[in-house]
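Each structure below appears as structure tokens.
Across the two complexes that follow, chain A remains constant while its partner is chain B and subsequently chain C.
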Partner chain A sequence: MKVLTIARNTFREAIRDKILYNLLFFALLMIAASLLLATLTVGEQSKIIIDIGLASINVFGALIAIFLGIGLIIKEIEKKTIYNILAKPVPRYQFLIGKYIGLLITILVNIVIMGAGLYIILILNELRWGHSIFDVNFDIWKAIYLIFIELMVITAIALMFSTFSSSSTLSAIFTIAAYIIGHLTEELKLIGDKVQDSLLKGPITFFYYFLPNLDNFNIKGRVVHRLDVPSSYIALVTVYGLFYVAVILLLSGVIFQRRDFK
Partner chain B sequence: MHALLLKAKHPFVIPLMAALAFSLYIIQHQIAGYKGMEKKIEEFVILPKGEYLKPAVIGYEQLAADIIWLQAIQVIGEDTVTPKGYDWIYHALDVVTTLDPKFAYAYQLGGVTLSVLGKVPEKSNALLLKGMRENPDVWQIPFYIGFNSFFYLNDYRSAAEYMAKASKLPGHPAYLPKLAARLYVQAGDPDVALEFLLRMYKETGDEKVRAILEQRIKEVIVERDARFLEEAVRRSKDVYKAYPEKLIELVERGIITGVPREPFGGYYYFNPEDGRVYSSVVKERMRVYGK
Partner chain C sequence: MTNSVIKTENLTKVFKVGFRGKSVAALKGLNLEVTEGEIFGFLGPNGAGKTTTIKILMGLIYPTTGKAWILNKEAADVEVKNRIGFLPEQPYFYDYLTSREFLRFYGQLFGLEGDELRTRMNNLLTLVGLEDAADLQLRKFSKGMLQRIGIAQALINQPDLIVLDEPMSGLDPIGRKEIRDIILRLKEDGKTVFFSTHIIPDVEMICDRVGMLMKGELVNVGRLNEIMDAKVKYVEIVARNVSKEMLAHMEAIGSSLYETCDHVSINVRDEDRVDSILQLIKDGKGSVVSVIPQRETLEEHFIKKIGGTS
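And now, the complex of A and B:
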């Protein structure tokens, strides 16, 4: 129950954050602007809208996860409120998990708002061309769902960095770097396949399997062209995400447990 | 921002800001004057190959493809685009389709404009063949390759083969198998070319492409009518042992029921020197379908 209380408080605190509203505002603005950009194209207008919309949800979702995620612990330390909490009979790992869940709920709410915005824009686009609203590509929700799983991983990474770093800027840079690396993991496999040297092949294979492979969660390209995404794939990737989150949270717990607050 | 608004109480701040903003508008207008249309296309030259761009856009391939696509289609069809410009447009579309290989419409529009507007059918076919590999179920792509082979590369055999491929794909129009079959046996016949062009005209949405196709359709009608009239002249000569002075004599002699209307608004005339029929508007007879 303590976890849920912390989660609830984290959520309340997060929705008071100005950064959140700025990011949400820009995301919705981008999604709405896609309607304008779509008029520049010939052929499928909805492709441009979905591409811009999903990319906005992904980018701004990641920014929310990174900037609120790193603040989770660091802010508590800066404001010295962490002493009050840790003085109470709350195990540190519960505090950590509570914070994590609170932020996930915040992100979920934001993702749903952005997704709904995109969906409304898509409906408007279909109506503008005299089509039925049932022509709207419903599969965008599959892509949005996997974006959320990706953000779960990113939030966990941000949280982990904030458990041992005392600088928000540094943690932000680390997390953004992890985000970029996570999207380049796929390239590692290509390099690994080409490398003959077994001394080099070993580390490359190791990193390929143990760095987060964020491209797994990227089905934007398939969804926009209405290509089938098997449910088994979505299930498998969800499990991958959850396991990755579990590993990072365990690691964060260990680091946080040992951290000495002076 | 807040501090700035507070300072705005000074009487000169707002006029100064307005003056600066207006100056910015003037300066930007001047800068824009330096950037012509050709400059815009030249930017495609510095576009890295799609293979290198792909890792750099970390999971946002579709968005990156859209940005290049939107830039490219603003330029396509502009009269200022030089033949070299179409090479760059090809490069841009190649990058777009490497980033987003399932973007079938990019192959289709690119394929048509590169051949019909850009007169670079080889590049058009290269793009379309890439599209066929990535989207084997889209019938329009082999249809366009067939069109290029027929009208620009004069390769009737390959035109017929691609048309046959298109006619086996889902969603193909009902006329397609018949057209493919006719291409195999009557490739030199203007009627086949005419049907092909009319179908192509219906499949294309681009106004510039349609204008060129319309011109081409009329030229083929001229060729068809000219052949029809020459055949009538020949039959007339067989009977009367002399060329008619005017084409209208063919009607008077009951060989044909009427002289076809010239589609460009001109008229047909018979030249006894070479025994051929010409249009008053289209001076040269089409060589493509001539035997």
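And now, the complex of A and C:
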């Protein structure tokens, strides 16, 4: 109950924040622009639109997750609003989870709006060629679903940094680094295998196993080429993401419980 | 032990500041006890450690050593907070909420809902005089309004203990009086009020007991009349139409004189001399305007203490 009260308030704070609308505006702009780009190319235009559209949803979703996620706790401490909440009968871990869920709801609403934008553009594209609107590739929603699971992981990472750091800039840099490296883990492994220097090999192997492999959530290529994405794969990756989230939240909770709010 | 509402034992808090981790001792072995039903004034100059103490009591920071109990439970206990009302130092609240949303939010954190919550919200808005601002966002509030809505949220759970960190700061005299009246009303209802301040007259007017904190140490605690010299320091007589020679005479018996345009004020240290001076004034066809015994004020006491410790 208290978790939901906190979550609702976090959502309310986010939708009264201008930064959210700016990010959403640019994301929709990118998706719309993909239609123009598509007309300049030969071949299957819907492929390009889906390619650009899904990439935009991923990147802008990640920006929302990172920037609002970092601020989630740091802002509460900076503005000292946290004092009056933790002086109420709210266990600290419940506060943390409430904040997390509040931001997830915000992100969900946003990527659904972006997804709807992409869907409309795809429909327009089909209509322009005189096709049926049922020709639109419905699998984009599978891709968007997995983007959401990925954003759950990124939000959890941002939240974790903000539970022990008091610098938003540093936390943002770390989270963005985790996002980029998380998408490059395969490359990281290749590099790790080639590197002879054991001094470098250690950290590279560590990052490979410690950071989530975010490319697991990326099925854009298969969707673009209308290849089948088995449900078993989606289920497996979902479990992987949720497991990662659980571990990070647990860790954040432990750090947060011991912290002084001064 | 049963009626002890706040109790601390050898409370120490050391902050590490800067990159070098220099230690600052904000509290040095604080022992404090507040009993049920009293208004306790926690007095101290800036940086004395009042907020630090309150933060430990509210479980926001952990003491370096020592222990703190509230209503016979450890201060960090989450459940005991159901019975506490708290107003933080500056009204640090979500400014994007309206008064109503704000009170509802905190009420919900206490598990309140429905009609019960609505009734309490309306009563509190009336109590603090913010009915007209019920749907105004907090970012548009004046400092005094913020302080009032802060008091309102502190009372939403009908607490047994109310902890207020500088509730009168930033308020005008009328606002301060209103807060004092609310505090007195809470006492009448049998509640315990603990508040910090450095505004001495507020303490003098309503507190049952005061604790004086200085540089992290409790330098004095007790009833006001116990703490201060209750003895009359001198008697001030204000008179009119007193001749020059009469004044010289009075000065000779050991009183100090201050002349203002048409009044003269005579400070008599020795109470036994008061009668003879009054007789002198009458004999000289002068008239007495007032006779006031002067005691040490809390303010003088306070300043004396600060001077003594620094």
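The criterion applied here is as follows: the second predicted complex is superposed on the first by the 240 of 262 C-alpha atoms of A that agree within 3 Å, B and C clash if a C-alpha of one lies under 4 Å from a C-alpha of the other, contacts with A are read in each partner's own complex, and residues count from 1 in each chain.
Definition applied: a contact is a pair of C-beta atoms (placed from the backbone, for glycine too) under 8 Å apart; a residue touches a chain by one contact, two chains touch by 3 or more.
Note that this is a predicted model, so its numbers are computed, not measured.
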| item | value |
| --- | --- |
| Combined model on chain A where chain B meets chain C, clash or fit | fit |
| Which of chain B and chain C A:Ser167 touches, first, second, both or neither | neither |
| First (chain B), second (chain C), both or neither touched by A:Lys2 | second |
| Chain B versus chain C as contact partner of A:Arg16, first or second or both or neither | second |
| Contacts of A:Glu44 with chain B and chain C, given as first, second, both or neither | first |
| Chain B versus chain C as contact partner of A:Pro89, first or second or both or neither | second |
| CA minimum distance (chain B, chain C), superposed complexes, angstrom | 21 |
| Contact footprint of chain B on chain A as seen in their complex | 37, 40-44, 47-48, 51-52, 54-55, 58-59, 179-180, 183-184, 187, 214-215, 218, 220-222, 224-225, 227 |
| Contacting residues of chain C [partner chain A, same complex] | 15, 55, 58-62, 78-79, 81-82, 84, 86, 88, 90, 92-94, 96-97, 101, 105-106, 108-111, 153 |
| Chain C-facing residues of chain A, complex | 1-2, 5-6, 9, 12-13, 16, 79-81, 83-91, 258, 260-262 |
| Touching residues on chain B, where the partner in the complex is chain A | 55, 58-63, 65-66, 69-70, 73-74, 100, 102-105, 109, 205-206 |
